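Take a look at the structure set out below.
Going in written order, the chains are labelled A, B, C and D, and every chain counts its residues from 1.
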Amino acid sequence: MLVEFSIIPVGKGSSIGDDIAKVLKIVEAGKMPYKINPMGTVVEGTWDQVMKLIKKCHAAVLKNGERVVTTITIDDRKGKPDRIEEKVKSVEKRLGKSLRK
Amino acid sequence: MLVEFSIIPVGKGSSIGDDIAKVLKIVEAGKMPYKINPMGTVVEGTWDQVMKLIKKCHAAVLKNGERVVTTITIDDRKGKPDRIEEKVKSVEKRLGKSLRK
Amino acid sequence: MLVEFSIIPVGKGSSIGDDIAKVLKIVEAGKMPYKINPMGTVVEGTWDQVMKLIKKCHAAVLKNGERVVTTITIDDRKGKPDRIEEKVKSVEKRLGKSLRK
Amino acid sequence: MLVEFSIIPVGKGSSIGDDIAKVLKIVEAGKMPYKINPMGTVVEGTWDQVMKLIKKCHAAVLKNGERVVTTITIDDRKGKPDRIEEKVKSVEKRLGKSLRK
């Protein structure tokens, strides 16, 4: 399944880059396909793989703070592998042009 | 932690009440504190308790369809139990009045 | 349309109750049907009515802070009025029982 | 402000690529900075610019269907322009390496 997640520490400074860097170190070490964007991180894997990774990231951010808000969006479609690459390509093919990523 | 989730079957009829009813049967059987609202279900528990429940609900809806989009929002605050009741009460106390629920 | 929204001030204390109270004062003054839950506020109205209200709430929280994260989920279904009451009732009817709200 | 949005037609086939293509044509014509990812589209602009665009996309998808679920996440930070490029760069600088996008 394809999953986007975002982790926001609440009650620390308005610059949360250190926490985001910590999360992305964990994502990179996780060996799962991922893509980051300005609003979150997209990963692809099974429910258990993905949730194990997000739990680890969420715990790492909560460790140094008091409160964390994490949002997770799951798009699960039967029989469709490698959607992290194919979803955008499929839209580009329909439009006959390349889009900004 | 306090968690709201919502499960949408994609590619079936626009009436998804049967799937929502199935989800709420699972939530009720789960023995965790919950509250439903017109846009989702809020539950309170540990990461593992909550994710086990949502995985079960997600799988039940996917079983009869091709594609499911599930959104999960986690609000995790250290040292604050029973937030499923206390969060709204605390706002009502600040405002000095009862709000529509 | 039915809309749930949630506004989180980032970079202030982990207790954000004052900001939530400010938001709910605006919602109450807005005269639109609403329901609050432990994770957000659900309102019902047209696109322009709802977005005008959320813009006002978002601006009120940003006024006293540096950064705000606002999430909005819209469920828009043709020809279905009063869904803020009917959606939950319809599920309860299917299940033949009342649910916790 | 930086905004990610995603529009899901409910009650049509599980392949929603035509609707997504329609949305991205509108986004491209909008002349605002944007980036697409496998789970949504990120745009940057003022509240009114962004909401006008999303309203147009939402209406275009609803036109051919019965029900649409649209999610919007706003990250609004005072005094920070060009965040659609700078947010990811700032994390890469902290990590001292380039990340997958």
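As a convention for this text, a contact is a pair of C-beta atoms (placed from the backbone, for glycine too) under 8 Å apart; a residue touches a chain by one contact, two chains touch by 3 or more.
Everything numeric here is computed off the predicted structure, so don't read it as measured data.
Trainee: For the pairs B-C and B-D, output the one whose chains share more C-beta pairs in contact.
Mentor: B-C
Trainee: Quick check on chain C against chain D: do more than half of the interface residue numbers occur in both copies, making it same, or fewer, making it different?
Mentor: Same-residue interface.
Trainee: Need the CA-centroid distance for the pair chain B / chain D, whole Å please.
Mentor: It comes to 25 Å between the two C-alpha centres.
Trainee: Which integer distance in Å separates the CA centroid of chain C from that of chain D?
Mentor: Taking the mean C-alpha position of each chain, the two centres sit 21 Å apart.
Trainee: Any idea how many Å lie between the Cα centroids of chain B and chain C?
Mentor: Chain centroid spacing, chain B to chain C, equals 15 Å.
Trainee: Name the residues of chain B that each touch 2 or more other chains.
Mentor: Expected reply: 14, 66-67, 69, 71, 73, 75, 77.
Trainee: What does chain B use to touch chain D in their complex?
Mentor: Per the stated touch rule, the residues are 8-16, 65-67, 69, 71.
Trainee: Applying the document's contact rule, which stretches of chain A touch chain D when the two form their complex?
Mentor: Going by the criterion above, the answer is residues 2, 4, 6, 14, 17-18, 20-21, 24-25, 28, 34-40, 42, 71, 73, 75, 77, 83-85, 87-88, 90-91, 94-95, 99-101.
Trainee: Under the stated contact criterion, what part of chain C meets chain D in this complex?
Mentor: 47, 51, 55, 58, 62, 66-78
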